[in-house]
Amino acid sequence: MPQKVFPLDSNKKFTDQQLIGHNRWHPDIPAQVHVKPGDVFRVDCREWFDGAIVNDDSADDILHAPLNSVHVLSGPIAVEGAQPGDLLIVDILDVGPIPQEDSGPLAGQGWGYTGVFAKTNGGGFLTDHFPDAYKVIWDFRGGKATSRHVPHVEFTGIVHPGLMGTAPSHDLLRKWNGREQALIDTDPQRVPPLALPPQPDSAILGSLTGDDFERARNEAARTAPPRENGGNQDIKNFTKGSRVFYPVFVDGANLSMGDLHFSQGDGEITFCGAIEMGGFIDLHVDLIKGGMSTYGVSENAIFIPGNTDPQYSEWIAFSGTSVTLDNEQRYLDSHLSYQRACLHAIDYLTTFGYTPIQAYMILGAAPIEGRLSGVVDIPNSCSTVYLPTGIFDFDVKPGKDGPARVDPGMGVPVARA
Amino acid sequence: MPQKVFPLDSNKKFTDQQLIGHNRWHPDIPAQVHVKPGDVFRVDCREWFDGAIVNDDSADDILHAPLNSVHVLSGPIAVEGAQPGDLLIVDILDVGPIPQEDSGPLAGQGWGYTGVFAKTNGGGFLTDHFPDAYKVIWDFRGGKATSRHVPHVEFTGIVHPGLMGTAPSHDLLRKWNGREQALIDTDPQRVPPLALPPQPDSAILGSLTGDDFERARNEAARTAPPRENGGNQDIKNFTKGSRVFYPVFVDGANLSMGDLHFSQGDGEITFCGAIEMGGFIDLHVDLIKGGMSTYGVSENAIFIPGNTDPQYSEWIAFSGTSVTLDNEQRYLDSHLSYQRACLHAIDYLTTFGYTPIQAYMILGAAPIEGRLSGVVDIPNSCSTVYLPTGIFDFDVKPGKDGPARVDPGMGVPVARA
Amino acid sequence: MPQKVFPLDSNKKFTDQQLIGHNRWHPDIPAQVHVKPGDVFRVDCREWFDGAIVNDDSADDILHAPLNSVHVLSGPIAVEGAQPGDLLIVDILDVGPIPQEDSGPLAGQGWGYTGVFAKTNGGGFLTDHFPDAYKVIWDFRGGKATSRHVPHVEFTGIVHPGLMGTAPSHDLLRKWNGREQALIDTDPQRVPPLALPPQPDSAILGSLTGDDFERARNEAARTAPPRENGGNQDIKNFTKGSRVFYPVFVDGANLSMGDLHFSQGDGEITFCGAIEMGGFIDLHVDLIKGGMSTYGVSENAIFIPGNTDPQYSEWIAFSGTSVTLDNEQRYLDSHLSYQRACLHAIDYLTTFGYTPIQAYMILGAAPIEGRLSGVVDIPNSCSTVYLPTGIFDFDVKPGKDGPARVDPGMGVPVARA
Amino acid sequence: MPQKVFPLDSNKKFTDQQLIGHNRWHPDIPAQVHVKPGDVFRVDCREWFDGAIVNDDSADDILHAPLNSVHVLSGPIAVEGAQPGDLLIVDILDVGPIPQEDSGPLAGQGWGYTGVFAKTNGGGFLTDHFPDAYKVIWDFRGGKATSRHVPHVEFTGIVHPGLMGTAPSHDLLRKWNGREQALIDTDPQRVPPLALPPQPDSAILGSLTGDDFERARNEAARTAPPRENGGNQDIKNFTKGSRVFYPVFVDGANLSMGDLHFSQGDGEITFCGAIEMGGFIDLHVDLIKGGMSTYGVSENAIFIPGNTDPQYSEWIAFSGTSVTLDNEQRYLDSHLSYQRACLHAIDYLTTFGYTPIQAYMILGAAPIEGRLSGVVDIPNSCSTVYLPTGIFDFDVKPGKDGPARVDPGMGVPVARA
């Protein structure tokens, strides 16, 4: 095992650990770990709600999920010699659920969950169609996931960190806060909100204390959105073997990470989201000095995915265009066209006996691919969603005999908002 | 060779052929070909501009491209017994450039083109960055494409029809025209336009004549957007071996197709677009009676991609979020985040010596993948674009020695608007 | 279409064509076609028995197959500037059945065959188990093969030339004849024979005539075995997009080819063998001057397979060791261990309802993989054979409910020796 | 972590552990672990020489390797209800090096080795060309291996157990001993030997003691060869996610396993062999009652490989035929043709600067594929070996500029016999 530089004890809360991470982005959060270019090390990661979501058949915990508390991140980790303008190379050597613990109350101990927030509590990609809170528990066995709430489906995990990134500079943080507030101001009462402003409540800022803490928690950025520093990109292909290149904005780079997923479909459309878990990640870091200008990388991450992602050679795909269900024409709206493609996939899967929310959960958790197929054919964007047929234990392709009928079982727990 | 039911002579204009196709969608265009479920047949397809784009080193033809004339489609082909509510199974048995003709003045005769329209003439995905008209010629040798305008890159074609679909019913056509006009009305003077209303000029409606022709050409839908009938979906994975399921809206289904692409990246971001060519397509058709309700397919196409697409196991990926270059925050705008990911890829490739327009052309023509990676992390959508590293004849990955420098050669022809 | 340098008329016998190929290897066979490095050209190829095998439900033609007449090859093609010691680069740009002819009496006109010779007429890999003559007809539709003689299986063709090679020098030819006769002399009466000596009967030697013909036909090598020049390697991965490097032994290289296969499993275990057909092959040639010593290639072919082979992600595999069915232990005999692995696969498939010969035919024709898994664990070699599960229209994996039962239909035509 | 049913302490010898495994096959070795169908459990495995091979730059340990002591196996594990005639389903849920220990003196603690035995001590596949003892140390980082002894190559591990199998019955054991002794008797003095008879010296037989031990150690079968019970099959594709079906010959099945490999090429041609290591394996077991006759599986293993093996899309392949280097023609000898293919690959790699033994070591350790390409074209078998080009950090393909030259570094340690 590589040296563990950021340990987490599964029996303690995130704020009671030996090293305390953070759940906001701020340049003043001190690095608690120092590594050198070339180092290999392990980082423990807590599931994003710090254990608030449990392994049962109720969605009440999702309905009341403490949104102000997320995402609990491990770090910051300072890399010796890193300076603004460099590219930080991060090799994901390994990533997985909590090692040696395959049962227990914490997501990552042999199980994980996919949730859908109620519309009044954050919503999701298809919140108008699924306005309540829902939860599905997935059991891990070896590298595969199955669920008592969604029978007849099993898939190999495409394990990855949903969130990883470097610390923003003060300038960058100001930029974020400015532009996001401007968006919020266009419709401040919207449900769900357009964006999340700094939220002092429940802020965790590592070892920061006193006045520094008070000041920082009022300006620290929320971790939900991906931004110039990487962050919550939720890219399902950040798997074992991947090499990622992050821009560096502060001395030491100050890398943090968390929000591990056992599996996820492109888009993480269920929002709460993927198959959430805690676990570990083994990293190797290095630097390309001055790499941001050398390679023209001013922001966001560049990456080379690993080569051991699960292989599926047969897919069934669904397409959608940027027209609403009410027949309103939108202009090249790829977000909408992906929603329509996903809704088509859901309609299709329900003809096999699944409930709509079961189908939605499959799209959120399984390694589906979401593609921007046509983005220029005015006025209609065309998006497509690809399902691997091999994850179902029945023949999911259309045929002349009509769909096989599967028993949906106990179904998906729901909690009405 | 399967029986050729829709022949095209490469030496004649589209309107001088034995059978005359169409370039608008309208239910009254008579089927000119009749096939039965189970039949296998060949259809010739003309490149979408009917030969207006030539194999030279000027972009003048793109600048003056006759947009009212597109897309010239082969069909309609009526399938015996097809009725509204059925699913039409279409197997793409083979598809390729014009057989036995590998040199000549017509795209598809051993070559094809990728164009970018001037902003004043339709624009493209990145039109604010590339406002002029540009053209790249690609030469085909075996299954691979190379270009004198974009050196050091070669890729295996992922050949597919950009456009295929069934005829709309009168009701469906009215629905299209209504919603698209409503969108246009929100900003009628926009350049480029929000959508394209019916355009009687240059309309070709098969064998339709007289009053019927006059009436129909004023209401027939343009072929640019994909819609409920499939249409111009530009899905790069509609390759040989694919099985597609189309909803049927009129008796006979009245299938039409065209806009063949030798290769295309997800999004067809260059608009004019992919590697355009004429050629042939071999099809097998069958029916699932009543399949639309049986399988919950009310619109758009479902498909199972073929299993011989070119394999690349190493990719370099770029991400983008829904923030404009001017730092304006947009709300979950996946269109914008894909633009930003593509711009990042362009910035990156230029550090190797390519001009920006060369890099743009690679993204439009090569089999890149565009993914909707995160669509819920308010306010930022995250999109990613994946380039196969194996298409370059140099090492395109970042490293400590900095980028290899390639000679961009003569570059991309441009015509200023 | 590339320029066709070696045409064949499907209505004429191989010896009645405009250019006459050959069915023996000899350095004196004159090149009939001359190309230059960099050239792209098309070659027609006749199926290896020149039409002696027909599309019917009898195996009589296989029983009486004229073995002295094979393989009818197209060529030789001289490459300008090629000299002994060079490496000849051959790019397989495209390869397929006879274009524009998808029905007719000649294999390659929309159909092909797999045969097993009677033990008294050449036998096959499992001739002790299948001592008679058998034949299966496969129909091509698009890129896929199905057979009335082997139902419930369909696979994408992995089209390739079974035989391609450069001409031997006189020295090399002598070497071949010497060593092969020495082997024959160890058991001259063996049935089937250990090797095939030069056979003047039925020899075709291109344009060679008179005394030259008489002398050459008595010393020209048979085409069955692969040798230093490439030759009948039967490598299923010589598919479209492959680049092959052949050693050059005579001025001009004198490349010849034939024995096209629509599909084949590793080993071509049925001998007659793969799915045999005539068709076309498009080639590009180039030279690496002095490449044999530069790259240490003294013999046989090096190649880089194409990247569009059919993808199957799920396989069921069978293993065998080098022990005979009579429990005799052989020493690291990989030939035997592969036989045992194949017999295990046959035993397995028969539990689903196939006859043993149907199962054998699947292994010969479908894109199975044969691996040398262990070659050092004395005394037992271990070989494995991998079947893609996706070629069957039923679930071919073992399970608790026992095997699905398929209707074997009319079965495989047989002719008793 | 699944329950560990067979623990090994890295600080103790194999015979000093809490549970003592075995290094011979015998039906009387008592099961030390009992599991039920459906159980998931972990087994520790020791590297096959129990630590005799060390991490240094000398091959003396390989020269003097204690061959009588191998393979140290974990087990037997009895599965409740298993009876002769059943099929034992074994799912390989996970497999890897020793967890939490990535440095130390034991192979599997962050490193592994590939050896070649001296000809006088067992030899290897190419022992006539490499008659001495050689050793290469590989370092593991994440899922990849590199070596100070073979620079410029790095590959993703295709981790698997080289050896797993069920216990033989008394009848089956007698059958083995009889046929192997008969082979030995044909040339008893051969170096290396044709097979290995029972060897009482160094035998470890689990908890067996007293007279039972004395009797059993004189008749227990050596573990080197694969046999009807699976055993030392060295199949590189027994990776995570694989499902294997073993025949059951004794009550409880009595499954044992060991000889873990971090990576291996088809054939394990270096014999000592693959990248050897100790580690862990997580298994799930189940039964198909009576499955041997239901599925026609009388012996050897059937398996479905996992779907996360490393993906490489570009390969360079070498072919060989069954002619010796002295030009002696052998009859369809696939063992010889694979040797010739491997020698061709070695000749090729040496033109880039590698020493021959470095090239041999690459073929033994990297995930190369060995194929039985042609097994019927008398008298020449054709075998092929495929190298993934992506494992080299230089362009390994042939070109007009000649091979890149790599620095072979310190090279491979050798110990002369």
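Residue numbering begins at 1 within each chain, and the chains themselves are lettered A, B, C and D in the order written.
Going forward, a residue touches a chain if its C-beta (ideal position, glycine included) is under 8 Å from a C-beta of that chain, and two chains touch if they have at least 3 such contacts.
Predicted model, so just to flag it, every value in this text is computed and none were measured.
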Revision key, fill the gap. By C-beta contact count, B-C versus C-D, the higher one is C-D
Practice item. Return the chain whose centre of C-alpha atoms lies at maximal distance from the corresponding centre of subunit C. Key: A
Point to revise | Gap in Å, rounded to a whole number, between the CA centres of subunit C and subunit B | key: 40
Point to revise | Approximate Å spacing (C-alpha centroids) for the pair subunit A, subunit C | key: 51
Practice item. Could you please state the distance in Å, as a whole number, between where the Cα atoms of subunit C are centred and where those of subunit D are centred? Key: 32
Exercise for review: Any chance you could list the residues of subunit C touching two or more other chains?
Suggested key: 307, 311-314, 390
Practice item. Show which residues of subunit B lie in contact with subunit D when the two form their complex. Key: 311-314, 390
Point to revise | Contacting residues of subunit B [partner subunit A, same complex] | key: 87, 124-125, 175, 178-180, 182-183, 192-196, 224-228, 230, 232-237, 245, 266-271, 273, 288, 291, 294-305, 307, 313-321, 323, 327-335, 338, 340-341, 344, 347-348, 350-351, 369-384, 386, 389, 397-400, 402-403
Practice item. Quick one: which bits of subunit D touch subunit A in the complex? Just the residue numbers, please. Key: 1-2, 40, 91-94, 99-102, 141-144, 156, 240-241, 282, 284, 307-312, 390
